[in-house]
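Both complexes below contain chain A, partnered by chain B and then by chain C.
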Partner chain A sequence: MFVILAVVIMLSSVATVVTKSIIRAATYLLFVLLGTAGMYFLMGYTFLGSVQVMVYAGGIIVLYVFAILLTEGAKADPALRKAKDASWGFIVSLVGFLIFLFVLLKQKLFAGLVPALGAPSEPTGTDTTSIDYIGHYMLSTGDGGYLLPFEAVSVLLLACIVAGLLIARKR
Partner chain B sequence: MIQIEYILIISAVMMFAGIFGFLTRRSTLAILLSIELMLNSADLNFAVFNRMLYPNGHEGYFFAIFAIAIAAAESAIAIAIMINIYRKIKGISVDKLEKMKW
Partner chain C sequence: MFNFDIVTTWLHNLLTGTLGLPEWGAILTESILVALAIITIYAVFAIVLIYMERKVCAAFQCRLGPMRVGPWGTLQVFSDVFKMLTKEIINLRQTDLFLHNLAPFLVVTASMVTFACLPWNAGAHILDFNVGVFFFLAISSIGVVGILLAGWSSNNKYSLIGAMRSGAQIISYELSIGMTMLTMICLTGTMQFSEICADQAVNGWNIFRGHLPAVLAFIIYLVAGNAECNRGPFDLPESESELTAGYHTEYSGMHFGYYYLAEYLNLFICAGMASTIFLGGWAPLHIAGLEGFNGVMDAVPGFVWFLGKTFFVVFLLMWLRWTFPRLRIDQILSLEWKYLVPISMVNLVLMALVVSMGWHF
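Showing the complex of A and B:
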């Protein structure tokens, strides 16, 4: 299952950035987001996975598809830059990825520090990511509480609604 | 048996695919899609560090949830701006957007 999800995520994320049509890129991005949600489910984070499916896959992708159809549509534009610029971007990202791989595999940062997922050492004690704990932490001001970010995000979403209406209205 | 390195490599592939798209695409909506890729890889990293390194904590989990909320707000505003730009100059390619360049 993990291997399937990994292959889907990696191939779709590369296909998102190399395909010519924007609407196809949005579809590949949908597969990436669903694969990431599956990865959350695999880690046991069911609430995070459902939030990912609802907000990202259900909300943001639909918004993107609407925006694409409202602006340029599915017509194939010269989406990629000239070969020279594209090769520069390719070199930069490839070099960054290789440096990351080198550091990760050479330094053995997590050797002996983490048990692998699926190993017998599951979290002991209370499971702090079950949904009643999430609600408790989300609205508590005590130790490990997230009431202030919660309120800040709600104000941010309200400002976002107002600003979206204000920017995109007809004059 | 899933090691932490495997998931980190997956999210690095997503991140650098996003960087490549951000540097090379022309349409601003495609650039926004690349930004979503990068944000998503950061969310995956938050979740996996929380799950693997601190299995009894919940900080990375909440950071991922708030990052998803902020990504939704960001993309909504950006799409409103794109639609406004499209009404003005009939195109959203970055080659045509030169009014605010300097």
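Showing the complex of A and C:
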């Protein structure tokens, strides 16, 4: 099951980057995000998987598609882009990849990961993180509570909404 | 009361014990059986609902509806299905064929996964985990992507306008659906569908238990659910007089059939959710103090209760559809953002107050 999901995620991610049509790229990205949600479900994190589907597949992708349709970006031809932009993108992604590799090797995550990939992971049905647990920690002010970050995020969202209204209002 | 666990345990024991399959083989076989069963039920319910829609519509317009094919026209829908299956799927020029062919599958997949969330009986639920309601809302939001892609890939401005209207409408009304479900979760204290039903079998249906805020939430849910299915007074994404048929104008054959299927099944799923969350799902009707009456009600199996309630809500939604005239797009959006969302927010606070003060039954 892991292998199927991994192949789907990898193929779709490659397709996202190499495709010529921007709206197709958004569709392939949808499959990548759904595959990631599938990974979470495989690990038994049903809440995280649902959030992934809700926020990314249902929210972000719809937003992308809407933005593309409304700005007529669907008609733009990405093949006309300059080589300079492409080389900048190449350098940035190479640096990102190197940092990722560095962190991965430094933390010795890889050594622990390789045998885990070989053995078939048993989907655990019993010790899933229950939503009660998440809810209690989200709203607790005590040790290990997340109320302050939670409120900070909601203030950020409120600021975004106000800013959106300010831009969209009729003058 | 009949518990479906008996059937599933028997099947599992038959596969592992009598046939000697290993554990993974048994689970694989069961998954395939469940998938086949759900696809069959999906198709059968679509046929039943289309027949019902035609008859109800005819009754509201003082007509008879389909009468010629079979007794009372019962075979009409079957012949329509065969017609749809044998029609040619037309590929358009100058469109993105891949996305054009993918879009109906996205819509129908989202609808089928949400269909699998419904609790049919005690012990007969297919997708059931601790964040069930949230998962239901998440999966149902994928259908919007299919609709938008369908509109764009048709290379037709009417389809695109239809898809944009539909997308805006579905995204807006999802908010009210989420709010009303949150209100009811506040009352039940769980997001797992099986527990919601089991809770209502013991404590009484949520709509009676939560009295005022629950009834308000039920009404908001019906309005928003009707909009979510692109039906009723909110069917302007496919208003024939302006946009031919909206986002699925350019589809033919079975690809159009998928949209048709998904539309009717979304109606069923919407009604099924209403009956699960508000009307008790498979929980029978109990009246405190009448032991004999409760005993008779317990004898009726749970899936009969579930289907009965669901078809009752389906009838309510059809009644709404064929009674009210169509709204304009700005009226639809202002109804949602200026009336339904504030009301459901106030309702959520009211429900929180009722639950914390213990005013519910």
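The rule is short, and it goes like this: the second predicted complex is superposed on the first by the 115 of 171 C-alpha atoms of A that agree within 3 Å, B and C clash if a C-alpha of one lies under 4 Å from a C-alpha of the other, contacts with A are read in each partner's own complex, and residues count from 1 in each chain.
Here is the rule we use: contacts are C-beta pairs under 8 Å (C-beta built on N, C-alpha and C of every residue); 3 or more make two chains touch, one makes a residue touch a chain.
It should be emphasised that the depicted structure is a prediction, and the values quoted were computed from it without experimental measurement.
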Residues of chain A touched: more by chain B or chain C? B
Between chain B and chain C, whom does A:G59 touch in the aligned arrangement: first, second, both, or neither? both
In the superposed arrangement, does A:L139 touch chain B (first), chain C (second), both or neither? neither
Applying the touch criterion given at the start, work out whether A:I4 contacts chain B, chain C, both or neither, answering first, second, both or neither. neither
Which holds for A:V32: it touches chain B only (first), chain C only (second), both, or neither? first
Which partner chains sit in contact with A:V14 here, chain B, chain C, both or neither? Use first/second/both/neither. first
Of the partners chain B and chain C, which touch A:L157 in the superposed model: first, second, both, neither? first
Looking at the overlay, does A:F100 come into contact with chain B only (first), chain C only (second), both, or neither? first
Dual-contact residues of chain A (chain B, chain C) 51, 59, 66, 128
In the complex formed with chain B, which residues of chain A make contact? 2, 6, 9-10, 13-14, 16-17, 22, 25-26, 29, 32-33, 36, 39-40, 42-45, 48, 51-52, 55-56, 59-60, 63-64, 66-68, 70-72, 77-81, 85-86, 88-90, 92-94, 96-97, 100-101, 104-105, 110, 113-119, 122-126, 128-129, 133-134, 137-138, 144, 146, 149, 153, 156-157, 160, 163-164, 167-168
Could you list, by residue number, the parts of chain C that touch chain A in their complex? 96, 98-99, 102, 129-131, 134-135, 137-139, 141-142, 144-145, 148-149, 151-152, 160, 164, 167, 171, 191
Contacting residues of chain A [partner chain C, same complex]: 21, 23-24, 27, 30, 34, 46-47, 49-51, 53-54, 57-59, 61-62, 65-66, 69, 74, 128, 130-131
Please give the residue numbers of chain B that touch chain A in the complex, ascending. 1-10, 12-14, 16-21, 23-27, 29-30, 32-34, 36-37, 40, 43-44, 47-48, 51-53, 55-59, 61-62, 64-66, 68-73, 75-77, 79-84, 86, 91-93
